[in-house]
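Below are structures written as structure tokens.
Okay, so chain A shows up in both of these, paired with chain B first and chain C after.
Coming up: the complex of A and B.
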């Protein structure tokens, strides 16, 4: 292979190194024993992992992030899946409009959206930051729920639902007994994408957090502005492990291609 | 009244012209009816109206003598086999077949027994635990059939059930379909564009054109005595011509003999002189197309060239129609021939 296409092989190798290098640096720095961010690390230890796991701003914000991601995902799916289903099956003409409306959060810059919600929820309505974060993230995640569900529905044979009706199933039984199981892989994909998107979000979270309620990325951002210890690398490494874990679970559940590739089931 | 299904004056359109136009159709108990026609003739739409997936804009649907026009599909007792089979991918073969029985709240014991019987009927007893994705196309088709039959429907609807199978499997499953219908005694309506399928399976067939029935009758009646140009041409009567004094007639190319103009003529047969357009080698025989000047204008006729060596494009030839093969198209208007001199 290398002998036959040397240029292509070299480019591929360069791309792989380019992609992996920052990860290697982060993991390396995290394993450092010293007090400052240096690469290569000065001595090896797990010291900073221990520090990160007991540093309260991080542990608190981790809980906040998990709560926000889970709640926002549930809301986005609970709104997005039935709405997409209704529009796809009942009125093909409404499909375009729904797509546009529900996908608009992808187009509007998140900072703009975040600022609008900040004005509305925190300033005007006086919501607490956690509620504002959950609602804001739900809006952000809706496009994923709509797009992935829509793609699954489009690929599902419409005759399946007709077959169920013909065999005696009413609309509700048809939805829960046939449609939902058939698009389930798509919904699992949407769930995982939503959880990751919410968990990694910075711009919107930045505007909707308060002193006491912060998501993990915001807490990390704040930390690096004042400190320069390898603890931040340790947190990053832990997040990396979490993401790899999610990816592995996803692979076991529905297959990686289905979630991150364009082809829904 | 013994009609299981009856359509009265059913009309529908999807915006661009009528799909069904004032369609009347009745299916008798235990009958196997085939709806035959080219794509877009309204045959699948007719099936969807019977199943209840489509509520027609006009007309009435009667099932078992009762008006069912507004009854949704889940409250009609109808078994449908879809072209795509539409098996539930997340359920096993047995669960697929049991689905309709569950909806009918049939008890577990009876359900298991009937599912077993239905799978035996289609020869799939040993595959009950498989998922549809693990089956071949032919096996999926049988599961779809078992699932439709097991609920003992008032009528079994078959929407191009064999069109996704290869030629050999199609013939094998065709005879199996006939056997299942015979053994269950179910009333069946088959939609197909394949005349062979209709001829082999149906007790009665209806040829559809533009949302109307162009002709119906026993397969033999329709196939051997088409009444109009459309049905004749759809069923392979390639030669349609106006004979002086006899109006429009149709003849199958296999019943037309093309011979050299100088061959000895049979005075009792109907024959015309013309010019050969082309010869086509077909393996077992050679066909020839000959343009013949008829009073109503020149017509290209196709037939079998008995001695192809004596024919060539541009040369004169004689077209011979054997009398019993000439089918008068009774529905076509008889256009009087104006010219004086007969051919």
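Coming up: the complex of A and C.
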């Protein structure tokens, strides 16, 4: 391919460099010895990793992000999988309307939804920011859960379930014995995608903060805007390593392209 | 009867979540935002639409989003085409390279530009060394920086949507066209492009909508002098006492995205029909 279409290959290479070079920069800055944000770094050291791991706003917000991501993913799946199953297998009336309803949070800008939740739950209702975050993230993740498991259900052959029913299994037994194992890859994909989406989310989580509650990306954003040290690059590098780990696990479990290969919903 | 009840029971929690966590908060924001003794969202809306400061910001938001979309398509489509025609080994690696950045948070992805575009950054030094500029230049906190950052952020999205469209094309169609005597360029323009257009258009719409509503990149790379709707909304939500005004901005943002999405969908449908 490279020999036959040199221009195209060069363009592709340039594009890949354009997309991946920033990762190199982030890692490079994270390894700086000095206090200044320069690339290439002048001198190498691991000191900023140590500082990042002991900087309380980062460690606290990391816990918050993890809790919110886990809770929101569980809720989105617990609520979304039955709903998807009902839509695809039980032919309710108004099927298309229901699909639209479940995918509707995608239409609205996240920042706007964040503000809507902020003024209702945090200001008027006096909820804790953590509760508001979990609600907001659950709503955000529902479309992903519905879409991904729906695709899995659509591909699954309903004849399997009919066969089980024909053999005398009740609907519950059929669901847990036949349907669930078949859509298991879809559920795993939806779980990974949801956890990652929630963990990385910025616009919705921006306003849903309090003195003690903040997600990690929001804490990082705040830091970048006020302090110009390489510590943020160290945190970013640690997150990068975590993400690589997630990508590897994903590839092992269900295949990387299957989960992330499609364009975002 | 029991079956119907079971179906409703399966659907109900999801519906409740959407109503409680999305519809209801949205409605209250539109009509009567909290902490406002006399909310007047329609009035604030009129004020916002006629305020030259806001109009200027909306223009900038659309402008920056448009340029980033154009760049994403101009460079992303050829890359998608190249990937779709590459050997299986290259294809996997290239797709991974393009998809992986999507797994990272926007803060991580935009941070590198802060380092590269500053007065003492690589780009400034490179321009100086080549002779285009006569000294260090501040490229950060400009629209140029925002367009660069947004393009980098969203180009993978376009590559992936265009790729899935191109990968679905039957290569025998191209062979048939070539067999009938069409040259390479004509095959591309007359056969491949029209068939891949709908999928690519969807990608372009996603990119444009994403750029218009992005917060992190304009905030980090545009600064306070180059506000977009998103950064303005956030600033007002944090500092303004008049939340009707913030609701008005939120409405403008939502409507703008909806309008543009519908318009682009309509245009791409016309193009596909031809």
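We adopt the following convention: the second predicted complex is superposed on the first by the 257 of 265 C-alpha atoms of A that agree within 3 Å, B and C clash if a C-alpha of one lies under 4 Å from a C-alpha of the other, contacts with A are read in each partner's own complex, and residues count from 1 in each chain.
As a working rule, contacts are C-beta pairs under 8 Å (C-beta built on N, C-alpha and C of every residue); 3 or more make two chains touch, one makes a residue touch a chain.
If you're wondering where the values come from, they're calculated on a predicted model, not measured in any experiment.
Model built by superposing both complexes on chain A: chain B and chain C fit together without a clash. Ranked by how many residues of chain A each touches, chain B and chain C are led by C.
By the touch criterion defined above, A:226 reaches neither chain B nor chain C. Of the two partner chains, chain B is the only one that A:178 touches; chain C does not reach it. Contact with neither chain B nor chain C is seen for A:56 once the two complexes are overlaid on the shared chain.
Once the two complexes are overlaid on the shared chain, A:166 sits against chain B while remaining clear of chain C. Contacts of A:113 after superposition: chain C is touched, whereas chain B is not reached.
With chain A used as the common frame, the shortest Cα distance separating chain B from chain C works out to 12 Å. The residues of chain A shared by its contacts with chain B and with chain C come to none at all. By the touch rule above, chain C contacts chain A in their complex via residues 3, 6-8, 10-11, 13-15, 17-18, 20-22, 24-26, 28-29, 33-35, 75-76, 78-79, 81-83, 85-87, 90, 92, 94-109, 111-116, 118, 120-122, 152, 155-157, 159-161, 164, 203, 206, 212-216, 219-220, 230, 233-234, 237-238, 243, 246-247, 250, 253-254, 257-258. For chain B in complex with chain A, the touching residues are 51-53, 72-76, 78-80, 82-84, 86-90, 99-100, 103-104, 147, 151. Remark: chain A residues 157, 159-160, 162-170, 173, 178, 181-182, 184 touch chain B in the complex. Residues 1, 5, 8-9, 11-12, 15-16, 18-23, 25-26, 29, 37-39, 75, 78-80, 82-83, 85-87, 90, 92, 98, 101-102, 104-105, 107-113, 115-121, 123-124, 135-136, 138-139, 142, 146, 171, 196, 199-200, 202-203, 206-207, 217, 220-221, 224-225, 232-233, 236, 239-240, 243, 246-247, 256-257, 260-264 of chain A are the ones touching chain C in the complex.
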